[in-house]
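Next come the structures, one after another.
Here subunit A shows up in two complexes: once beside subunit B, once beside subunit C.
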Partner chain A sequence: MTTLLIGIFLLSLLVITAVAIVRSEDLFSAVMLSGIFSLLMALNFFLLDAADVALTEAAVGAGVATVLLLAGLKLTPPTEARGRSLRKLSVAVIAATTLLMIYASFGQPTLGDPNAPAQQHVAQWYIEKTPELIDIPNIVTAVLSSFRGYDTLGEVFVVLTAGIGVMFLLGGGRGKPFSRLDSRVEEGLSGHLIPKVMARLLIPFILLFALFIQFHGEYSPGGGFQAGAIFVAGIILYSLVRGEGLALSVIPPRVLLWMSAGGALLYGSVGLAGILMGGQFLEYSVLADNPVTGQHIGIIVIELGVGLTVTGVLLSIFHAFAARD
Partner chain B sequence: MNLADHLPALQVALPLLTAPLVILLRNGFLAWLAALVASLASFGLAILLTQAVLAGGVPEYAVGGWQPPFGISLNIDGLSALMLLLVTGASSLGLAGGRLSLRRDIDNRRAPMFYGAWLIALAGLCGIAVAGDAFNVFVFMEISSLATYILIAAGRDRRALSAVFKYLIIGTIGATFYLIGVGFIYMMTGTLNFEDMALRLGEVIETRPVIIAAGFITIGLALKAAIFPLHIWLPRAYTYAPNAVTVFIAACSTKVSIYVLLRFNYGVFHGNLLGHSDLFSVFIVPLALSGILLASAIAIYQGNIKKLLAFSSVAQIGYIALAAGLATQAGLMAAQLHMFNHALAKGTLFLCVSAFVLTSRSTRISNLAGIGRRMPWTMGAFVIAGLSLIGVPGTAGFVSKWYLVVAVMSVPGWGIPLVIAIVISSLLAVVYLWKFVETAYYGTPPDGDVSAMEVPLPLRALIWFAALANIYFGLAPQLPIALAESGTGTLLGGLL
Partner chain C sequence: MKLLGLFNYWVFAVLLMIGLYALISKQNLVKKIMALAIFQSAVFLFFITMSRVDGGTAPIIQAGVSGQIFSNPLPQVLILTAIVVGISTTALGLAIVVRLYEEYGTVEDNEILAMDRES
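So, the complex of A and B:
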C-alpha cells in the first residue's frame, strides 16, 4: 500500500516535471528540470526493484547528462527560439500515442503478477539456471553480460558511436592545445571555498564507490555502465572545481580515445577468444577448464571493457563541449 | 574450431571490431584503406553465407553458446543473405568509388572518426540482417542509425546539419515506437526471440497490447523505411550527405528497415493475428501507391540531381512496400527482388553523381549542363542505371517490375488499376531522368567549356562495373530470384 502511494506520488511529480519542461522557454530551467525528471525516474525504477537501472539513470540521466547539457547550453542562446510552430500537430500526435498506450495497458497483466507471461517463460529459466550455470547472486548481471551479452556488446558500441559522433562533429580528441585550454578555463570554481572543500571531501569517495560498483557487479546492483558513469561524475566534479585544464592533464584526450576504443575492443576480443578456444562467439564457458570459472572470467573482463569505454566516451564528450566557446 | 561455422557472428564482428582500431589511426588514407579492406572482407563473408544458404541453409547460430530463446540467436535465410549482399556491397562500392570525393569532403584530421563511424554503420546494418531476436534488432538499429547520422552530418553543405537533425529526431521516434511494440510483446509472451514469439503469440492472440504492439512496430519501421508520407527526412538527408555516403545509405539503409518490417509482419504477426494481412494491406497499399505517384511527380520538379534521385527513392520504396503489402507469395518475391535491383540501380546512379561532382563541383542540374559530352563514360553508365530504374527490358529493373506486375495482376478487382499506376509512375521516371539526361547531353555548360574532363580510370572502371551489374542481373537474375524464393519460404512459413 505504501509503495503504491509513493508510486502514485512519484509518477504525478514525473508528469508535472515533464509538462514543465515542455512549457519552459528558459533553456537553463529546462535542463535543470530534466535533471529532476531523471532523478524521479530513478526513484521509480528503484520502487520497481530495478536497482541496476535506477543506478544508471541517477548517474547518467541526472548527473552526467545534466552537466553535458549545461556545457552545450554555453554555445546557444539562453531561451527557446520562437519558430514556426507545429505545436498543435505534435500535441495531437502525442495525445494519440498516449491514448493508444493507455488503451493497451488495460489488457496487460497486473504489475508484479507472478503468473504474467513475462515472469513465466525465459525469466523463470534465468532464475533457475543462473546459480548452476554462472553462479553469481545478481541475475541481472548474468543476463546482461552472459545470456544476452551480445546485446550488451552492441550497447557498448552505441556508447562508442556517440563518442565518435561528438568527437567528429566538435573536433574534440585532439582539438585545442593544452596551453590555450589552461589559460581560458582558469581556476574553475577554486575561488569559492564551500564547493572546493565539499568536492575535495567527496571526490575520493565517489571514485572509490565507482570502483566498488565496477567490481562488485556480480554480487550487488551495478556493473561497468554504472561504474563508468559514476567515475566520470567524480572527474567532472574535479574539473568543475579545479578547472578543465588540470583535469585534462590528468587524463589527456588521447588517453581517453584509447580508453574508449580499448574497452570496446576488449569486450570484442573476449568474444573472439570464445571462438578461438572452440566455443561460440562470446561463449565464456570455454575460457577456463571449469565452465563456471570461465563465465566469471568472461564477465569480469567484459565489465571492465564496458567501464573503460563508458568512462572514456563520457569524458571525451565533456571535454569536447568544454573546449568550445 | 572451424571458422566456417562462425560466419554469422563474424559477419557482424569483423566490421564492428575493426572500427575501434580505425579511430585510433592518425592518418586519413590508412583509415580509409582499413575501412575498405574490412568492408571488402565483409562482402566476402556475405558471399560465403549466400553460397551456404543456396547450398541448403545456414544453421542457427547461438551467440554465447546459449540456446534461444534464453540466449540470442542469429538466423540466416535467403532474405538475410540478400540484405547482407546489398549492405556490404553498397558499403564497398561507396568506399572504393568514393575515395576521391571523400578526400575532399572529410579533412584528414577527422577522417579516422569518419571511417570508424562508417564501419559501425556497416556492422549495425549487418547485425540487423542476421538477428533472430527482436531486441537485438533494436540494439543494432541504434548502432546503425547513430553511425549513419554521423556520416550524413559530414556533408560539406551546412544544411547537412539541419537535415541530419531532422533525421535524428524522426529516426529516434521510429526506433522508440519499435521498442514500445517489442516491450508490449515481451509483456504478453515473455520472449524476444522471433521464432519463439511467433509460437507463443498464439496463446495471447487478439489481446489489446499485442494489437497495439503490431501498430507501433509497423509505424515505427515505416518511419525508418521512409514509406510515404513518413519520408520527409529522406530527401534532404540524401542530398546533403557526402556523395560517397549517399551511395552507401541510399542503396541499403531504408531497405534494412523494410526487411525488419517483413520479418515482423510475416514471421510473427501474420500467423497469429486474425485478419492481420488484410489490415496490413489496407494500411500499406494506399500509402505505397500515393508514394509511387506523388514522389515520382515531385522528382520531376527538382533542380538538384541528388534531391531528384532521393525523391525517386521514395517512389521506389513505394514499389517495394506495394509488393510487400499485397501479402501474397508473388508480392513478396517482387518486393525482395526490387530491393536488390533498386539498390543496384540507385547505387550506380549516386556513384555517377559523385563522379560528376568531382569534376564540376555542383549538384545543381543547371550547372551540370553539357556534362554528358564532357564525361561520356560516366554519363553512359548513368544512362544504363537509369534505364534499369525505369525498368527497361534487359536491365535488372525490368525483372522486378515484371514480377511486380504479375503480382498485382492477381489482386482480385484491383489488378488493372494497379498496373496502370505502375505504368504511369514508370513514365514519370522516364520524364525525371530524361530531364537530367537532356540537360547533360544537349545543354551548354555554364562556362561554355566543353573539353573532356573524365574522372580517373579506376573510378570509371568501377562505375562501369556497377552499371554492367545492372545488365548482368537483368539477363541472368537467377541469384536474386533463388534468394528471394528462399526468403519467401521462411516469411510465409507461418502461413502455409
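So, the complex of A and C:
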C-alpha cells in the first residue's frame, strides 16, 4: 500500500514536470526539467521492480540525454519564439483521445495482477529455465543476451546506425571526425575550483562503477547498455571540466570509431562462431564443451560488444555536438 | 483500491497525450524533440507497468532462496534496450535540427516552411 502511494506521488510529479517542459518557453529550463523527468521516471521504474531499467534510465535519460540536449542547445537559439497560443482543434482532439484511453484503461488488469495476460505467456518459461539452461542469477541479462540475442543484436546495429547518421550530419569529414575542435584551445571549467575538485574525486569512481556494471551484469542489475552509458557519463564529466580536447586525447577519435563498429562486429562474430562450431547463429551452447559454460562465454563477450558500441557511439555523438561551433 | 491500481495507465495516457500535443502544436523543433522523448517515456512506463507482479521482486535469482516471485523480465528487457536506442535516435533528430538551423537560421517550423515556399 505504501509503495502504491509513493508510486502515485511520483507519477503525479511526473505529469507536472511534463506539463512544465511543454509550457516553458526557455529551452534551457526545459532541458533541465527533462533531466528531472528522467530521474522521476527512473524512480518509478525502480518502484515497479525494474532495477535494470531504472539504472539505464538514470544513466541515459538523466545523465547523457541532458548533456546532449544542452550541447544541441548551444548550437541553436535558447528560447522558443512566442507563436500561436493554444490551438482549439488540437486541444479538443488530444482531450478526447485522453478520455478514450482512460475509459479503455478500465478493461486493463490492475497493477501487479498475477493473472494478467502479460504474465501468462513466455515469461514463466524464461524464469523457470534460466537457472537450468544459462545458470546466471540476473534473468533480465539472460533474456537480453541469450534468449533474445537477435533483438539485442538488431538494437546494437540501430545504435550504430544512429551514430553513423550523426557523424555524417555533424562530423568533420574523412580522417578528421571532430576536426573543428582543434581550431581553438578548450579549457572547459578548469578555472572553477569546486567542479574541478569534485570531478577529480568522482570520475575514477564513475569509471570503476561502469566496469563493475559491465562485468558483474550477470549477477546484479547491469550489463553492456548501462555500463556504456555510465562510462560515457564519466568521460563527458571529464570533458566538461578539462575541455573536450583533453578528453579526445584520452580516447582519440579513431579509437572511438573503432569501438563503435568493433563492438557490433564482436557481437556478430560471436554469432558466426556459433555457426562455425556446428550450432546456429547466436547459439552459445556450442562455444564450449559444457553448454552452460558456452552460454557464459557467449554472454560475457556479447555484453562486451554491446558496451563497446554504446560507449563509442554515445561519446562520438557528444564530441560531434561539442566540436561544432 | 481497484481504481488506484489503474492510476499508472491514466498517467501513461496523460503523458502520451502531453507529448503528442506538444509534437503537433509547438513550432520549435528542439521542443518537438523533447516532446517525442516524453511520448517515448510514456510508452516505457506502460510496458514496465505491465511487468509488475504483486509480491514480486526484481528478476534476479538469489542463491538458496526458493519460491521467490519475480516480476516479468521480458518487458524490462525490451525497454532497457529501447531506452538506449531512444537516446541515439533523439541525438540523430537533434543533429538534423542543428543542420537545419545552420542552413535556415531558425528552428521554428513555420518560418522554415515560409522560406521554402518563397524560394
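We adopt the following convention: the second predicted complex is superposed on the first by the 295 of 325 C-alpha atoms of A that agree within 3 Å, B and C clash if a C-alpha of one lies under 4 Å from a C-alpha of the other, contacts with A are read in each partner's own complex, and residues count from 1 in each chain.
Here is the rule we go by: a contact is a pair of C-beta atoms (placed from the backbone, for glycine too) under 8 Å apart; a residue touches a chain by one contact, two chains touch by 3 or more.
Model, not experiment: these values are computed from the prediction.
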| item | value |
| --- | --- |
| Subunit C versus subunit B on the shared subunit A, clash or fit after superposition | fit |
| Partner chain(s) touched by A:Q108 [first = subunit B, second = subunit C, both, neither] | both |
| Vertex subunit A angle, Cα centres of subunit C and subunit B, expressed to the nearest 10 degrees | 60 |
| Per-residue contact with subunit A, leading partner among subunit C and subunit B | C |
| Subunit B versus subunit C as contact partner of A:L170, first or second or both or neither | second |
| Contacts of A:S285 with subunit B and subunit C, given as first, second, both or neither | first |
| Which of subunit B and subunit C A:P252 touches, first, second, both or neither | neither |
| First, second, both or neither for A:P204, with subunit B first and subunit C second | neither |
| Contacts of A:A18 with subunit B and subunit C, given as first, second, both or neither | second |
| Which superposed partner A:S146 touches (first subunit B, second subunit C, both, neither) | first |
| Touching partner for A:Y126 - first (subunit B), second (subunit C), both, neither | both |
| Distance in angstrom between the closest Cα atoms of subunit C and subunit B, superposition on A | 6 |
| Shared subunit A contacts, counted only where both subunit B and subunit C touch the same residue | 101, 105-106, 108, 116, 118-119, 122-123, 126, 148, 151, 155, 158, 162, 165, 169 |
| Contact footprint of subunit C on subunit A as seen in their complex | 4, 7-8, 11-12, 14-15, 18-19, 21-22, 27, 30-31, 34, 37-38, 41, 44-45, 48-53, 56-57, 60-61, 64-65, 68-69, 72-73, 75-77, 80-81, 83-84, 86-87, 90-91, 94-95, 97-98, 101-102, 105-106, 108, 110-114, 116, 118-119, 122-123, 126-127, 130-131, 137-140, 142-144, 148, 151-152, 155, 158-159, 162-163, 165-166, 169-170, 219-221, 223, 225-226, 228-229, 310, 313-314, 317, 320-321, 324 |
| Of all residues in subunit B, those that touch subunit A in their complex | 1, 3, 6, 9-10, 13, 16-17, 19-21, 23-24, 61-66, 69-72, 109-110, 113-114, 116-117, 120, 123, 127, 135-136, 139-140, 142-143, 146-147, 149-150, 153-154, 180, 184, 186-192, 200, 203-204, 207-209, 211-213, 215-216 |
| Of all residues in subunit C, those that touch subunit A in their complex | 2, 4-22, 24-28, 30-31, 33-35, 37-38, 41, 44-45, 48-63, 69-92, 94-99, 101-102, 106-108, 110-111 |
| Interface residues, subunit A side, partner subunit B - complex | 100-101, 103-109, 116-123, 125-126, 129, 146-151, 153-155, 157-158, 160-162, 164-165, 167-169, 171, 173-174, 257-258, 260-262, 264-265, 268-269, 271-272, 274-286 |
